[in-house]
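Labels run A, B, C and D following the written order; every chain starts at residue 1.
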Amino acid sequence: MFPANIEQYVRPQSVAEALAACAGYDAGEAMFIAGGQSLMQAMKSRMTRPRCLIDLQAISELKGICTDEGAFHIGAMTRYVSIANDERLTGYFAALRDAAHHVGDRQVRNRGTIGGSCCWNYVASCMPAVVMGLGGEMKLQAADGSQRSVTAEDFLIAPLETARADDEILLAIRIPQPAGRGGSAYKKWGLVKDALPVVGVCVAVTLDSNDRCATARVALAGLSAGAHRATAAEQALVGTAGDAAAIAKAFDAAANAADAQGDKWADVAYRQNLIRTLGQAVATSAFARAAGHRE
Amino acid sequence: MELKQQIRINAPRARVFAALNDPVLLQQAIPGCEGLTEGEPGHFEATVAAKVGPLSARFKGNMQVQDLNPPVSYTLVGEGKAGPAGHAKVRASVMLEEDGSGTLLNYVVKADVGGKLGQLGGAIIDRTAQKLAGDFFARFEPLIADPATATADEAGATAVEAAAPGTTRQPTWGVWYFMAAVSLALAAWVLLH
Amino acid sequence: MQTVTITVNGEAFKEAVPERLLLVDFLRERLALTGTHVSCTYEGVCGACTVHLDGDAVKSCLILAVQADGHEVTTVEGLAKGEELSALQKAFREEHGLQCGFCTPGILMNMTDFLKHNPNPTDDEIRMGLIGNLCRCTGYVHIVRAVRTAAKMLAASAA
Amino acid sequence: MENQLKENTQWMGARLERKEDLRLVTGQGKYLADIVLPGMLHAVFVRSEYAHAKILGIDTSAALETPGVVAVLTGDDFKTDVKSMRQPVLLPNLPAVYPEYFALATDKVKYHGDPIAVVIARDKYTAEDAAELVIVDYEELPVILDAEAALEPGAPQVHDDQPGNEMFAMTFTGGATEEEQRQNEAEVEAIFKAADVVVSNRFRVHRTGITPMEPRGVLCEWTMADGLTAWITTQRPHIDRLALIDILDVPGEKVRVIAPRDQGGGFGVKAPFFRENVVIAHAARKLGKPVRWIESRYESLMSVGQERDQVNTMDVAATKDGKLLAVRNRGIANNGTGQTGVYWGFVMPFLGQVEMPNVYTWEKGDVKLRVASTNKACLTPSRAFGHFPTRFAVERSVDMVARRCGLEPSDVRRKNMIPKLPYTTVTGEYYDSGDFLKVWDNLLTNIDLPAFRREQAALREQGRYIGIGFACGAELSGVASELLVPMENQPGYGAATVRVDPRGKVMIYGGDAPGGQGHETTVAQVVASTFGIDPKDSIVTTGDTGATPFGAGTIGARAGSYFVSAVHKACADLKEKITHVLSHDLDIRATVEEFAFINGEVIYLRDPSKKKTFREIVERIIMFPVNLPEGEVGGLEATAFFEAAKPMICFNGDFCIVEVDINTGEFKIKRWVTSEDVGNVINQNIVDGQMHGAIVQGLSNAVYEEFIYNEQGQQMTADFENYKLATAADVPDIELTYASTPCVHTPLGTRGIGEGRPSSVPGALSNAICDALAPFGVEITELPLRPSSLWAKIKAARA
């Protein structure tokens, strides 16, 4: 279980250099490596055989978390451990920490990055669903230096497929601060602790002045479609006070609407039940966080 | 895995059937198809470069047409190999119904993926297969609508009707076999993380 | 082939390596530091190959040697200062925190990093911290105890 | 003097730090993968993509053209150059239909992962590159995966030389003749007809087992002068050596097998004799260069560590007050291909039925087993050898009887527990010594059952469901020749050589090959306490057939029973000689009993002024063998063999407390408590560690692990992402208590422990869950115990 031959390894110092390094290779022959926690598995099992590996570790402009007008910019090369430990990520942004705390294991969190996870967009992964749940915007730069911004929904096309071109780099993920008081949460279930999500649920809500749900975003992880919104639940939550009954109703709707697959970890009915039970727990803490309650 | 679908194609049945038997047209329609060639009569070989996101594989396969009943139905049986990555076995049944000016195309693909591919495959396979089917028809429909190909198709159609079952030289199998095999291959890749 | 300079346990090694050489093979086969083990082969799930890269616990089977170029690596061979074992090493002996010892180096490296960030952990925190290390002999009971004991030792020596 | 004599036993039972650990915590252990020989080549296997297929052809040309590739060998090389794997030394003395097979697949492949070819190259990366280029032309054959279906007429044949796929069948009760057996069946049936309570179930236990963290490996060197030296990750180097001699057909003096001093766990998986050993040894001979193979986890999960996989259809008859009367069981085991020497898969289910009656006083039993070959990997031994499924079945049945009678399961167990040993069970298993009731009563002191029932009732009011589950089990503590000769065609005695050196140090040599059990420490403690020296002053060598006496291997909890007893016996022989020479030197007439070996001195008890240091006297005997007593010669070395008069056992009782979430089917283990009879303890840490590990393995097997094959026989769980092991965060702390009785058959009263210990786990756990869910009448008869299946049962019960 060793990687197939790699012809070239480069470690550019800037995004421009990194993009330039793709030149001379056909699409997909040159690959960017971020934390490598997924790509290395694929290379070692020889499911992918890049001729050239472009290591993004030295590009400082891709790292770190900063804020502007309340929005958070998370550099694509920001490691899970940095997100898990960033105490600014509360309220509407708390789901990021919920997820980052439980991705893989300590060693993976020390190495894996949020950008890598979103660009790999594995079918059972936490970060894509959380970024989608929080209404994230993906900032990309192309070989000609031009930049564009894509919503998480448009970016995360299908498992392993994203809107990123092979010679395009994800710079950062921007999570805008919504109007009003917001709260979010994320939780997943796997057979063993912190396993890849058999089902993961991210809920982000905002409250109006009467503590009623003004906006709601719900994203699911672990279903065969990959990260996607659960609009049924969103519609059911808006306008409610986030009480147990309303939440239960919303996630019954989500469970019934879900295109859940059965596998060795959970049959269809159990997956739907996980959407129900996880959703209720997650939505409850999202509302509590929005209302500013201590957990 | 088993994949069942019904698609309405806005073209008469004979033309659809013929188009499904036109190697040139199929090669254009099958995502990543690098070529279809006929070996000994009724035995066909083809290569498809499958790609999903960062992962890719090259499939070589062969397939045979069975129970040919133009322009209504036929069955395709075959298998393909993706080198050390594994193999796929496919059985596809196709049935065309007239539907006004158009055609209802029903197909059932039963495919088994083995080797590393199969081990890494899983529940996601059906979904990816459907997606590929979608891609195929997105490319297929405009091609038959294109009058440049239409005449050739009509000719193909008569050829098919003339052909005795089992001895057909029509590489119809190409679409179904490769859609299934490739879908499964891709789906399997997808399961890597 | 690419020439890399990797500092391992304080000593700089300059070596020409194939681009695809895994860091764990660089350590084991080029430097004969065989304390770092390979158990799950390719997934990076078992944690037996855990080392420190610039001080952080990472899995050396999911990193290429060329990626470690210019970085500092610490392996289990680098934990003891001469004859003086680290607190964790002592605690693992005292509490019988190992049996076959195959997973032990990875666990020592991960938990050394863990205690640096969490000097006074609860048992649940220790168990969650150990998710990236599989052990088949001990049932983890004595491992958890050993980490707890090491935390006490470190606290005592700090005081 | 009395006090000093007490001090002398300070090493027995001590929580001594292990001698092994200094090297292991500093990364200085030497495992097989750490051994490198000059010019060593690397092997990678090409394995079957199909579960069952004819091999029409193998094209190795592209692989051979790869720069750095030295050779590619296929089945043909082995069919012609070496003998078949079916050699007498590897055949149990049990009436089974043993299929012939070779080191590499020849005409057809029989499971997904069957070795077809081996690529040997100068480095392992190149070997893997080339292995991808070996093209195998297959013709698929129908696949048979289900054991019961495999035994049906007309099922696809796994082996041409094994008609009907029946590998092994046996009746364990009633007697030797069919006549006696039929008679017994009728008598059992009569008991069932008259019984107040009959509980009938079909218990299915999935395919799971054990995955040592160190995968397998082989390194072979062949020189003209010395022949073959094979380093193998193995639990029984001496049997491996005999097998290599016979299969490679080379003279015995030309073969030496070395199990590395450090091995990353075995748990049974490294006990069989594997085909890869022959392939690598033959390659080394053919190429004249050292060749090494290190198994990948992917190969490992596809080829070994798979066990259990049994269906047991069990009926239990009892009186309404909970007296167990009779047990009838029909076991069917899925053997896979059965192509793995020593055990051939079926030996595990065989022992599983022998041990099925457990510790209950059944009046009668009617027990039969059938073992079927299928297109799955061959069963390999996994800790709890064969009886994990039967123990689950019998412990679940006892609880169902208790529920039917409205009695506490713990009372029903106690009521039916064998009150006095020795005892021979309905399947003929002999329980030598111990006190089951003492162990059980000690277990019960850890829980106030009436209080628990009150709490349980109160919580149910609030919609919370907690439950308590009990289980117990006796297991073999080392296996005597009496059973090992029929079962594994090898002796059961323990053997040890003890050599004293002139500086007063003691070297011990044993034929076992440990993988983490701590032999170096426990043996040193035994030597220290018999010679009155420090454990630091002894060193243990194991695993090298060139240096050690024949040993059965590190299997079936032998260390604490057979090995240490042999060591003790050899030390005793040397004490005789030492005291004989010493009394001669001191000019006294005294027997060995009149001397004390204490704190590095040998003291004449009647006159403590008469003494010598241990070092003085041994140096005198070894280096200055003059003026010796009549008939003595110099030197101090003894080899002793120990065989117990009878098979020995150890015993345990467990309970656990769980809480089940009825909305998700998830369950949390709140307590796991045990009571153990381990005999006299040499090192308490090591005994505790064995128990912790075994119980958590049982939990991991029962809940998380499962080997899955799809309908085509594709192995779908070949990595740890799909074959889940319990992590530290998934399992509870374990509360161990002891109520031991010294074993009457070992010189030190010790018992071998730890091997079969996981077997009580699935029973206790599922009993607890069923107790928690009693209001819904949920009964568990299948493993694994997954939240998803539990949730479905609860949902069905509530609907």
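By definition in this document, a contact is a pair of C-beta atoms (placed from the backbone, for glycine too) under 8 Å apart; a residue touches a chain by one contact, two chains touch by 3 or more.
Being a predicted model, the structure only gives us computed values, none of them experimental.
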{"item": "Highest-count interface - the chain pair sharing the most C-beta contacts", "value": "C-D"}
{"item": "Subunit A and subunit D, separation of their C-alpha mean positions in angstrom", "value": "45"}
{"item": "Centre distance in Å when subunit B and subunit D are each reduced to the mean of their C-alpha atoms", "value": "52"}
{"item": "Approximate Å spacing (C-alpha centroids) for the pair subunit C, subunit D", "value": "30"}
{"item": "Between subunit A and subunit B, centroid-to-centroid distance (C-alpha), Å", "value": "35"}
{"item": "Residue numbers of subunit B (touch at least two other chains)", "value": "84, 193"}
{"item": "Sequence positions of subunit D contacting 2 or more other chains", "value": "125, 132, 296-298, 716, 719, 721-722, 725, 727, 729"}
{"item": "Contacts with 2+ other chains: residues of subunit C", "value": "18, 20, 41-43, 128, 131, 133"}
{"item": "Interchain contacts, given as pairs of chains that touch", "value": "A-B, A-C, A-D, B-D, C-D"}
{"item": "Contact footprint of subunit B on subunit A as seen in their complex", "value": "28, 31, 38-39, 41-42, 45-48, 120-125, 158-162, 196, 224-225, 261-263"}
{"item": "Subunit D-facing residues of subunit A, complex", "value": "1-2, 4-5, 46, 191-196, 264-267, 269-270, 273-274, 277"}
{"item": "Of all residues in subunit C, those that touch subunit A in their complex", "value": "2, 18-20, 22, 25, 41-44, 47, 50, 53, 56-59, 61-64, 66-67, 69, 110, 113-114, 128-129, 131-133"}
{"item": "Residues of subunit B that touch subunit D when the two form their complex", "value": "83-84, 86-87, 112, 114-115, 118-119, 193"}
{"item": "Touch list for subunit D against partner subunit A, complex", "value": "124-125, 128-129, 132, 296-298, 663-665, 704, 706, 708, 716, 721-722, 724-727, 729-730, 786-788, 791-792, 795"}
